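Next up: the structures, one after another.
Two complexes follow with chain A in common, the first pairing it with chain B and the second with chain C.
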Partner chain A sequence: METLLAIFTIFTQPQLLLLVGIGTFAGIYIGAIPGLSVTMAVSILISFTFSWDVYPAISLMVGIYMGGVYGGSRTAILLNIPGAPSAIATAMDGYPMAKRGEAGQAIGVTTVMSFFGGFIGILVLALAAPFVSDFALTFQPRDYMLLAILGILLVGSLSSGSLVKGIFAGAFGIAIGSVGRDPLTFTERLTFDLQIMQGGISFIAVMIGMFGVSEALLQLQNVDKVAVRQKISKIVPSFATMRKHLPLSLQTSTIGVIIGALPGTGGDIAALMAYDHAKRVTKNPERPFGEGAMEGLVAPETANNAAVGGAFIPMMTLGIPGDAVTAIMIGALFIHGLNPGPMLMIDQPDMFWFIVGALMTANVFMLIFGLTGIRIFTKIVEMPRSIIIPLIFLLSIVGAYAVNNAISDVYWMLGFGVLGFFMRHYGYPLGPVILGVILSRLLDDNWRRAIISEREDLGRFFEGIITSPLSLTLFTAVILIFVSQTPLWSAAKIRLFGKAST
Partner chain B sequence: MYPKLIGALVALGLTATIATAQDYPSKEIQGIIQWGAGGSTDTVMRSVTPHAEDVLGGTVVMQNMTGAVGAIALNHVAGSTADGYTLLMGAENPMLYKVMGLGDKDYGEFIPINILARGTPILVANKDAPYDDYAGLMAYIAENPGEVRIGSTGPGGVPSVVTAMMNTVEGELDLIAVPYDGDGPALTALQGGAIDVMPAVLGAAIEGIRAGNIKPLAVFDLAPNSKLPDVPAVTSFNEAYSTYLPWGPFFGVFVPKGTPDDVVAKLSDAYATGARHPDFVELMDSRGFTLMSISGDEADAFLTKWQQGTAWLLHDAGLTKTSPEEFGIARPGE
Partner chain C sequence: MNPEFRGDSDHHDGTSDATPGGYPAQRRPGELGFAIFLTIASLVLLYNAYGISGLGALSAPGSVPMATTFIMLVTAGMVTLRTARMPKVANETMANDILPLLIIIFIGFLVVFGLMLKPVGFAPTAALFLIVAIKVLARRGWGYTLLVALGSLIVIWLVFRVVFTVLLPAGIVPEAEFIQIFRNLLSGN
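And now, the complex of A and B:
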């Protein structure tokens, strides 16, 4: 019981409360700027907080993490540039809403739903951490591979219009993801013996270019068009809206927690999977997906914030990071003289409850900071295009450079921006390209691990799938989703939705 | 083309600021960490550098520059001005770049400021494995050829060297080597049963061992480690290992060759003092690293010996792209 009280440590020390608040506030803005990532911020903080006590250091990091995951949605909604990879899905319906003058409403829903997702994630962390981490450990390479295939099948739901173009875009993304030295054997792939290709293509540069620059280029075509006036009357979603989306948000939060808890997958994949799930289960959205459906915001935003709690599960119970940020936090705990690992929960249970408390507080701060100042933010969209377009370029260039402090990333970003512009012009969806890049490594590495583990014997590989309940479930899901996307079915769907949207 | 141009411009600007070492450091020092945030190299560098900063009286801004097994960071620092304002904070890998075909530079282009610590490899197994020590594993492999999955982190990584050692000492073992991104993910896979055994760095495995989630088989050293006194040294099972041991990955801070001697001396002194700080000593101890803190000729000798032994071991196991001979790396003892 006494250890449980550690959950309230944060409230008894105003200094800690303040640090969580500052962290969350800073996190929202770091998350909102493409290229400035939470991972980067937290790793800088390690040196910065070196001489501090462990509680204040962790408070600040937790705040930044929670705020940053949410902050990515800001620029995604307002400018169609996801501030972080986990906000890619948010841009798909958030930006169309902003174009209709509903940016305020979109941010409102996003904030409340992020809070809800974050809350579910923390709840699972607090109540079922050992159970979930045991489950996450049972994922074998073949299961990760099946999960990646499941992700690849999202191409269907991320591409509005031609499925063939969507598949092309997805395959292109996978190819981009495999450029550089192959991480398993260090053999060069698709590098054409060029020095610049050896390190691979920065995924963030591709994302910023494809979304940011191509959007700016597209807007250049009608610079003089007057921006849509933003309605800012109903920012906080009504209780009825919340209740309506409750079942969906519970489902997508669950997806978020599990994907977040799996070592090797994080909020970005969780958000995309949740988006796809929403598209599948929502029978009659008020508006079609991709044109400003509320469900298209609810799903990814609950999932990516639920993934935060999820990522802490293996970290706290086993000392295994759930994603890149928790990996750094484990390093921070080491430096502060703790030994993160399976014994941490037993040796220092206070630490666990303290983190739960800090996360909870950060979540509340996120709600407060998220809902205030929306009015000022929506003004961004109302700015004249002659101001906003150069601003997008500036933000994109700074963001791409900041990832690795490499000028070559800026060139990649601009190149992909131009490519993205032409792809949009010819009706190639950009979502699947990013999806391909994200999933490329997961699919490639785990397929090879799985088949190497079975002595490169396909028979043994399938035997493994059939004898494991988890693999069999994932395999069945892959088959079912694949069948539901057969040409006949999708043709019918396109005809149905195509009419509704034009 | 452009990066070179910019580099040249920056260099031009810097020459103006290089005065004497008397006022070194007169501006921020960049510390380029070869590996990602949260990893072993990162943890070691971020915990020793603040103590070194106190001695230096300047700021070291640390930045992770990952990619191509650390070669990107190495090339970056090698191409920077040799004025002591750009430090390379790396691990052992660059000593194998040449033979593995990963690059044409290694620490030969650098002056070691301080080789801080050395890790000890340990062979660990899934907790449900049907063997309890090294001898049991060897017997099991003999009875079940091609069934045991061993974790690896790609060519040149700690597991590949330890596996090469095992193959050399015990004769070719019929194992399945499954590659992972690093020892963290591989140890996770070990606990989940995706792999059966894994040669890891002691510090990375110790918490899992303490909790009973993974089973230690043998320490790859000449004597048991004080952190895990109950785990036998591998030499107690097979004396032949003593030819190659002690061996382990290491961490060090480097500057490009050509850096003024007095700057090198100042940095070496700062890091040597930093490495003696009780907090750092304790961190190294709790993670099972052996503190070295060597510099100058001693460090050069260590690097040469390490490179000779490891490069030839990998070459004899058929894992290298180019023979060490090509690069003038002599076979140990010759």
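And now, the complex of A and C:
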């Protein structure tokens, strides 16, 4: 009963409902406008909602997250430009459909399927998270440490780009996170004896720099690109179409939840894997994949929205983010004095159920906004980049400054923005950096706890890993990811993906 | 879908977020230099991390920083070696594709923004920045530039100062009085 009350908190406070609505609406546009990303928006928003209560702040972010994952599909279909990485796979069949004059239908199917996938993801979150958190209580410090390493490695290896660069990015993130005074011994770490580094580097400045400034700098290079307009017809899809794709959408939603729930990996990878899966299981598509197959829309869109619910599972139960956006949300919860992890689920179950309720609501809003307002949508997306980019810079500066009212944070943000800009150019993934920054403290604390409890004996530490099934599984997974970097594995990978690429 | 897909072949096409650029088998202008820079930076960080607590206990405050900076050094070194062996991308130059003048100018704008923020205050600095930035990017008349820049600044200011109650440096603008006037307006006095 209390659970139900917590889920419906959102309906008892019109203000929260409104915020989820605004968030979802804004998210759809942020996701849709190329150059604006959900990660960017959420990281800038943390500092703006700093003075708010935690519920309204979370409501807004959840809305933006849900809407944003969906919104990327719009521009993918209409312009062949995925507004967000999770929509890359959507463009492959969505744009061909639009070229045939079926843009409306494509958007309709995408919307309903995103809703469906989102719903499955939230359902799994609601059912699985309480069990996972019970299980999480048995986790040893070394398990947390291994999970954190696993998360950083996973995002480095599954996202595009080389694993070595991914590992570098992750280690760099952990190093950034350890700058400042050590919380246990108060020793200065990596401060170069500089006054400004003693308090550590504000992770919000790092995030806004990496995801806001660096993106805007990159977008400066294609300021003059003009969008092409598409005609939009009937939108609401028929019930028969939906029923036909039900089995596939169930499968791809499952893929989405699982990929989302793995620490570090989110909607973009889920969508690509689901697309690949759809290609393998669909025997007789009405049209070939890549030329406007409906299945090619259903799969990535169910999966990326299902991944949203999935990503919250490790975040709420272990305090380990499921993807970059949940990493930033963990930061937001920290700022509001909450510590995500198994204890949060026990001490404040309301918080968890509130998030479930907010996700549900955002999902419904997404369906409503998705099936309406297409005409305004095309107008807003055509907003020239020459205006958007300066505004992103402005918001980034305000956001970085606002958290601590410190100009030094603005410079940190600029520095990481420029660094992130080069990292993007040269193929270093940025996701692991953020994960590293967020997980640095958890990794450090748990490593030290684990090794102290083994009396500083590495032999006993490894013995502990080998004798515990959980630790052993995690440890094996970490090793496997490393092995996956050897030439043997990459040959297998080419066979796996090379065949699928079109 | 090619997992190595990096957007269109010679320019970033607007796919955003953590999608990295670069090519799997070719080296972009400056890529080697960047890799060397990261290697040297990692070395400096490792030396600094060693200085925290030396090679003492495994649970010492310096152990995790040392481990991570060591991993950074090794991976950055590997990347440098790999990059050095790759052929250059044929049709790209530093000035055209990686760091065009426009971007350097904007980084300069942002630094100046940071310098001016505290002494001059948010509103005038932001107004100046938006006007100059939009003028440079949109290349339209002054009327359009001023209208768009000041219009969006007013919206941003209202949203963040009043709705989000974010504190911004007031500088030379009598902001508190202005907000009071605005609040009075809203409350109907």
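One rule holds for everything that comes next: the second predicted complex is superposed on the first by the 267 of 502 C-alpha atoms of A that agree within 3 Å, B and C clash if a C-alpha of one lies under 4 Å from a C-alpha of the other, contacts with A are read in each partner's own complex, and residues count from 1 in each chain.
Quick note on the criterion: a residue touches a chain if its C-beta (ideal position, glycine included) is under 8 Å from a C-beta of that chain, and two chains touch if they have at least 3 such contacts.
For clarity, every value in this text was computed on a predicted model and none was experimentally measured.
J.: Is A:T185 contacted by the first partner chain B, the second partner chain C, both or neither?
T.: Both chain B and chain C are touched by A:T185.
J.: One more residue to check, A:T90. First (chain B), second (chain C), both or neither?
T.: After superposing on A, A:T90 lies clear of both chain B and chain C.
J.: Just to be sure I read the superposition right, which of the two partners does A:L318 touch: chain B = first, chain C = second, or both, or neither?
T.: First partner only.
J.: Is A:L391 contacted by the first partner chain B, the second partner chain C, both or neither?
T.: It touches chain C, and chain B stays clear.
J.: Looking at the overlay, does A:T39 come into contact with chain B only (first), chain C only (second), both, or neither?
T.: In the superposition, A:T39 touches chain B and chain C alike.
J.: Let me test your reading of the model: by the given contact rule, A:N405 touches which partner, first (chain B), second (chain C), both or neither?
T.: both
J.: Touch check for A:F334: first (chain B), second (chain C), both, or neither?
T.: first
J.: When the two structures are laid over each other on chain A, which of chain B and chain C touches more residues of chain A?
T.: The partner with more contacted residues on chain A is C.
J.: Who does A:F168 touch here: chain B (first), chain C (second), both, or neither?
T.: Only chain C is touched by A:F168; chain B is not.
J.: Counting only touches as set out at the top, which of chain B and chain C does A:T111 meet: first, second, both, neither?
T.: neither
J.: Where on chain A do the contacts with chain B and the contacts with chain C coincide?
T.: 39, 47, 50-51, 184-185, 324, 405, 407, 448, 452
J.: Which residues of chain B touch chain A in their complex?
T.: Where chain B meets chain A, its residues are 2-3, 6, 36-39, 42-43, 46-47, 49-50, 62-65, 67-69, 71-72, 100, 102, 146, 149, 154-156, 176-181, 184-185, 187-189, 191-195, 206-208, 210-211, 213, 279, 282-283, 286-287.
J.: How about chain C: which of its residues touch chain A in the complex?
T.: Those in contact with chain A are residues 1-6, 11-24, 28, 30-31, 34-35, 38, 45, 48-49, 52-53, 57-59, 61-65, 68-69, 71-72, 75-76, 78-79, 82, 97-98, 100, 102-103, 106-107, 109-111, 113-114, 117-118, 122, 126, 129-130, 133-134, 137-139, 148-149, 152-153, 156, 160, 164-169.
J.: Going by the contact rule set out above, which residues of chain A touch chain B in the complex?
T.: Per the stated touch rule, the residues are 39, 42-43, 46-47, 50-51, 137-141, 180-181, 183-186, 198-200, 263-264, 314, 318-321, 324, 327-331, 334-335, 337, 339-344, 346, 404-405, 407-408, 445, 448-449, 452-453, 455.
J.: Show which residues of chain A lie in contact with chain C when the two form their complex.
T.: 34-40, 47-52, 81-85, 88-89, 92, 159-162, 164-165, 167-168, 171-172, 174-175, 178, 182, 184-185, 187-190, 192, 211, 213, 215, 217-223, 225, 268, 272, 275-276, 324, 384-387, 389-391, 393-395, 397-398, 401-402, 405, 407, 410-411, 414, 417-418, 421-431, 440, 443-444, 447-448, 451-452, 456, 458, 497, 500-502
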